[in-house]
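Two complexes, one shared chain (subunit A), two partners (subunit B, subunit C).
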Partner chain A sequence: MKWSRRFVERIIEGLFTLSGGVTSLIILLVVLFLFREGAGLFTSPSLEKGYTLCVHASNLTGEIDAREVKRIFDGEITRWEEVGAGEMTGEIDVFHASELPRVEDEAVMPRVLEEIVGGRRGIIAFLPDEFLPAGESVVKRLAAGRVTPGDFFAGDEWQPTVSPAPRLGVLPLVTGTLLVSFFAIILALVPGLGVAIYLAELAGSRARGWLKPAIELLAGIPSVVYGFFGLVVLVPFIQEVFDLPVGESALAGSVVLAIMALPTIITIAEDAIRGVPRALREASLALGATRWQTIYRVVIPRASSGITAAAVLGIGRAVGETMAVLMVTGNAAVMPRSLFEPVRTIPATIAAELGEAPSGGTHYRALFLLGCILFAITMVINLSAEFIATRGQGKGEGA
Partner chain B sequence: MNKKLKQSIAFATFRLLGFLVVGVLFYILGFIVYNGAGVISWEFLTASPEEGMSAGGIFPAIVGTLCLVAGSVAIAFPVGVMSGIYIHEYLRNKWVARVIRVMTNNLGGIPSIVFGLFGMALFVQAFGFGDSILAGSFTLALLALPLVIRTTEEALKAIPGSYRAGSYALGAGKLQTIFRVTLPVAMPNILTGLILSVGRVSGETAPILFTVAAYFLPRLPSGIFDQVMALPYHLYVIATSGTDIEASRPMAYGTALVLVAIVLVMNLLATATRLRLGKKTKMD
Partner chain C sequence: MIETKHVDFYYSGFHALKDISMRMEARTVTALIGPSGCGKSTFLRLFNRMNDLIDDTRVSGECLIDGEDIYHKSVAVDELRKRVGMVFQKPNPFPKSIFENVAYGLRVNDVRDKSFIACRVEASLRAAALWGEVKDKLRESAFALSGGQQQRLCIARALAVSPSVLLMDEPASALDPISTSKIEELIADLKRDYTIVIVTHNMQQAARVSDKTGFFMMGELVEFGETRMIFSDPVNEQTRNYVNGRFG
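Showing the complex of A and B:
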C-alpha cells in the first residue's frame, strides 16, 4: 500500500520535473526546426523549383549567377560577351517556359524542346525539368547556381516569385522592420514614460485603481483589431493629412505599433519607478527639493535601467508584431526611403507569403530563414533587456 | 516660486498624458462598439457567412475560436501549472532556476509569427497533423504556456511559508502539502492566469494562419483533424481581401466587436475571480 503510493508520488514528481524543462525544450525545438529549414536555403537552387536553364550544346558558358540570370531575362544584358568568361559571343536569345507551344501529347515535349534549342544558337532557355530530353542532346543544361549567403543577407531586392530567377535579398525587409519599430518607440517612449511617472508618483489610489486595468486592457486587445482600426481610421487620416497617394505607409505602421507598445512600456517603467527605495525620495525632499525635482533628478536616474529595459522590450514587441503591421503598411518590398511610403516588415512578409510558397522550395526556406532572423533579433532584445534590468538591481543592492 | 511652477507644469503634463492614453483606448473601443453594435444580432452570431462574406453571420468562426481556445488551454494549463509547481516548490538549484526563468521569459517574447512557422514545421508537417484544430491548438498552447507558468509561480510565491510548515508539522508529505494546502490556496490566482490566456489565445492570428485557419468554411468541424474558421483570421480576411471589401465592412465591425467583447469579458472575469475566490479562501 505504502510502497505503491510512493511509486505514484515519484511519477507525479517526475511529471513536475519534465514540465519544468518544457519551456527550454520548446525553445530548443524552435531553434532546431527553424534553422534546419532555414539553413536549407543555401543548398537550394536559385532558380524556380522544377526548372532548369538550358543553352545550345555549342555554348561553352559555364555558370551564370542568379543576378545575371535576372538581368538577362529583364533584357538588361543582351550579349553573351557580358556574362561568363567570354566563351560565347553574340546576341542572347531569351526563351521562357511560358512561350512553349501547347501540345496534345506531353511525350513529344522533349522533341519540341530539341527543335527550339537546336534552331537558335544564342538561346538561353528556361525549361521545365520533366520535359528535358534525356541523354546526348543539343539541349545543354547550365549548372544551377545556389543561393549564397551574400545574395540573401546583402541583397537589396525581395522578389521571391519572379521567374526565372527569384531575388531573395532581405535588406529591404530588415530596413523596413527596423524603421517602423524604432519610429514606433520614439513615438511611444515619451507618452509611455509620462504615464508611468503619473501612475507611480502622482495618481491617487482611486485614479490608479482604474487607470491600470484600463492600460492592461489596452494590451489585451488583439493585434488584428488594432490593424483593422488602423486600416479604417488611421490610414485614410494619414493619406488626407499628408496628401499621399496611399495612406498605407511606414508612418501608419509606426503609429499603430506605438499604441500597441504603450502598455508594455508603461507597465515596466512604472515597476522600475516604484522600485526606487523610499529613503532616496525622502532624502531628496528633506533637502528641500520639490517633488518634481526629486522625480527627475533622483527617481528617474535611479530607475533608468528599468526604463531602458522597458524601451528595449517595447522594441522587441514592435519588431515581432505581425497582423497590425501587415494590414496598415502597404507591404511594398522595396528599400524604404521615407516614412510616407509603403514598407514591408519581416513578420508581415512571412505571414503574407508562406501560404503561397511551395513547401520545401527555395522561397519557403527563405521565409524560414527570415523567421530565424526574427527569432534571433527578439532573442537578443529580450536577453539584453533582462541583462539591463538585473544590472540595475545589482547596483541597487550595492547602494 | 519658479520651481513650484515647473512642478505644476510637469505634473499637469503627466496627468494629461495619462488621460490621453486612456482616451486613445476608449476611442478605439468606442469606435469598434459604435460601428459594430448595429451589426450584432442573433442571426449574425448564429448564421454562416454568405454572399462572399458580406452577409450572413460568423457562427463557424465563433465555434472555431472556441475549439482552439479549449484545445490550447487544455494543453497549456496542466503543463504550465506543473511547470510552475516544479520551479517554485522543487527547484533549489539557483543556476537552473535562473536558466528556466530566462527561457520562460524568452518564450513569452518570441513573436507569434515565429510560433506560426514553428507550428507549421513541427505539428503540421513533422507530426503529420495537417492543417487541423490539433495543430492549431498545440501552436497556440505554446503562446499561453509562459503566461500560465508565470501566474502559477506568482501565485505560489504569494503563499506564506507558514502554510507549508504547518502542513509538514502535521505529518503531511511534500505532495500532500502541494495538493491539499498550497494548490487550493493558490487556485484563484492560477485561474486568473488561465482566464487571461484564454483572452490572449482567442485573439491571436499569426500562429493559426498556417496551422488551422480556413479562409471560408461554412460548416462546423467534425473532429480534431478538421480545419476551422477563426474570429481573428476572419476579421483579417474580410478587412483586407474579401470579394467586396466595402460591402463586408459591417461584417468586419461586427467581428471586431465580438473579439473585443471576448477579451473584455475575460479581463473582467479574471479580476472578478481574483477578488471573489481570494476572499473565500481567506474566510475558510
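Showing the complex of A and C:
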C-alpha cells in the first residue's frame, strides 16, 4: 500500500518535471529556429535570387554595392563615373531582364544576351543566371554584393520586392512599431489607471461585479475583431476629425492597441493597488486625510512599481500585436514622420510578407531576422517589467 | 472628555457592541480589556469613525467628544480625525522618510509653511521620545527604524496634527519588552496633554498605565471603574476571573 503510493507519487513528480523540461526545450527550439533562419541573411546575395548583374567585357568596374544598384535602376545614377572606383566612363545603359525578347527556343537565349550586351558598351544588365553564356564571352558578371548588417539595421528603406536590388532596411519598421506602441501606452495609461483606481478603491461590490468580467471579456476578444472595429469606426473617424487624405495611420493603430492593452494595464495595476496594505490606508485616513489624498499620497506611490510594471507589460502586449495593427495602420513601410501617416510595424510586416517571400531567400531571411528583433524588444520589455516589480517589492517591506 | 450613551454597533447582522455607556475624563488614560473578539477595537474605532470604512455597519446611541455628537450629520469626518489621533497594533509607517511620515498630517491639512512644519515635526518627535534617536537621519526611510522606534514614529505622526484624543489599539503587542516599557513611559508623559484610550491584552500593562479600566465581554461592558479597584477588588465575578487569569 505505502510502497505503491510512493511509486505513484514518483511517477507524478516525474511527469511534472518532464513537462517543465519539454516546455523549456520547446521555447529554446523556437528561439534557435528563429535565429538560425535569420542569421543566414548576411551571407545572402543582395540581388534577387537567380539573377546576376552583367556588364560589357570592356567595362573594368569591379563591384557595385546594393544601394548603388538600386539608384542606377531607379535612374538616380546615370553615369559610370559615379559608381565604383571610376574605372569606367560614359552614360549608364540600363537593361532589365523583363525587357528580354520572347523566344521560341530557350537554347538561343545565351546568344541573344551576347548580342544585347555586345552591342552596348555602357550597359548594365540584370539577367537570369540560367541563360548566361558559358565560357569566354562579351557578357561579364559583376560580383554580387552581400546584405550587410549596416544595410539591414541602419537602412531606412524597406522595399523587399523591388527588382533588381531589394532594400532591406528595418529602421522604418522598428520606428513604426515603437511609435505606435509608445503612443498606445500614453493613450491607455490614464484611462487604465483611472479604471484600476476606481476598481480597487472606489467601486462598490455591485459595480465591481459587472466591470471586472467586462474587462476580462475585453481581453478575450480576438484581435481581428478589434481590427474590424478600428477599420470601420476609428479610421473614418480619424480621417474626418484630422482632415487626412487617409484615415489609416499610426494614430489609428495606437488607439486600437491602447484599447487592447487596457485589460492588461487595468488588471495588473489594480492588483498592485489592492496589494497596498490596508494598514497604510487606515494610517492616512486616521490622520484626517481624505480618501483622494490617501490614494495619491500613499496608495499610488506605494503601488508605483506595480503600476510601472503594468504599463511596461501593456507595451509588451502592444509591440507584438499583429492583426489589428495590420488592418488599421495603412502599412506604408516608410520612416514615420508623424502620427497621422500610415506606418508599418514589425509583426504586421512579417504577417503580410512571409507568405510571398520564397523560402530560404534573402527576403525570407530578413523577415526571420525581423522576428528576432521583435523577440529582443519584447524580451527587454518583459525583463524590465520584472526588474521594476521585484525592485518595488524590496521597498517598504521592513528593512 | 469622551462619553458614550447607550451605544450599539452592528456589523451587518452581527451585534458587536451592546448598550455601552461610558465616560472618559480629559487627560486620563482609560484601558479597555477583555478577551479577543469582545469588541474592544470596534469600540475604540467608534471615536475616530474608522468603522465608517467598513460597509454595512450601523451605530445607534450617542458618542460625544467634548459634548459634541461625533455621529451628527454636520460633523466632517476628516476634521474629526485630526482631533482624534490613532495608533495601530502593528507599526504602520508610510514608505516615506522619517520627516515626511511626521509631516504627513500637516501636509494633507494644506499646511505649507516650511518652518512651521519643521517645528511641528521636531516637537512631535520629542513628545514621542524619538527625537534623540532620529534627529540625524530625518531624511532616511522610516523602514530603517526598529519596530519599537517605528511605533513611536507612528505616535509622533499622530501627535503632529495636535489632536486632543489619542486612541491606541494594542500599541505594544508587536514589540519587545524594552520597546514596550518605552511606550508605557511615553503614555504616562502624554497623559498630561491628551485624553488617551488604550486597548491592551496585557493585564500588567493596563494596571501600570491606566487610571480607569473597562472590561468588555461579548460586546458588553461588564465593568468599568478605577483601575486599582478593577484589579484588586472587582465587583463582578467575571471581571475577577479575567484579571486573575482564570479566563479566556
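Everything that follows uses one rule, which is that the second predicted complex is superposed on the first by the 382 of 399 C-alpha atoms of A that agree within 3 Å, B and C clash if a C-alpha of one lies under 4 Å from a C-alpha of the other, contacts with A are read in each partner's own complex, and residues count from 1 in each chain.
Everything that follows uses one rule, which is that a residue touches a chain if its C-beta (ideal position, glycine included) is under 8 Å from a C-beta of that chain, and two chains touch if they have at least 3 such contacts.
Small disclaimer: the values here were computed from a predicted structure and weren't measured.
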item	value
Partner chain(s) touched by A:290 [first = subunit B, second = subunit C, both, neither]	both
Superposed model, subunit A: greater residue contact from subunit B or subunit C	B
Partner chain(s) touched by A:134 [first = subunit B, second = subunit C, both, neither]	neither
Subunit B versus subunit C as contact partner of A:33, first or second or both or neither	first
Contact residues of subunit A, present in both the subunit B and the subunit C interface	290, 293
Interface residues, subunit C side, partner subunit A - complex	48, 50, 53, 55, 78-82, 85-86, 88, 90, 92-96, 104-105, 107-109, 143-144, 154, 157-158, 161
Touching residues (chain side subunit A, partner subunit B) in the complex	9, 12-13, 15-24, 26-27, 29-30, 33-34, 37, 191-192, 194-195, 197-199, 202-203, 207, 211, 213-218, 220-229, 231-233, 259, 262, 266, 290-293, 295-296, 313, 316, 319-323, 326-327, 347, 350-351, 354-355, 359, 367-368, 371, 374-375, 378-379, 381-383, 386
Contact footprint of subunit A on subunit B as seen in their complex	3-4, 6-7, 10-11, 13-15, 17-18, 20-22, 24-25, 28-29, 31-32, 79-80, 82-83, 85-87, 89-91, 99-100, 102-107, 109-118, 120-122, 125-126, 142, 145-146, 149, 173, 175, 196, 199-200, 202-206, 209-210, 232-233, 235-236, 239-240, 249, 252, 256, 259-260, 263-264, 266-267, 271
In the complex with subunit C, residue positions of subunit A that touch it	204-205, 277, 279-280, 282-290, 293, 297-298, 301-302, 395-399
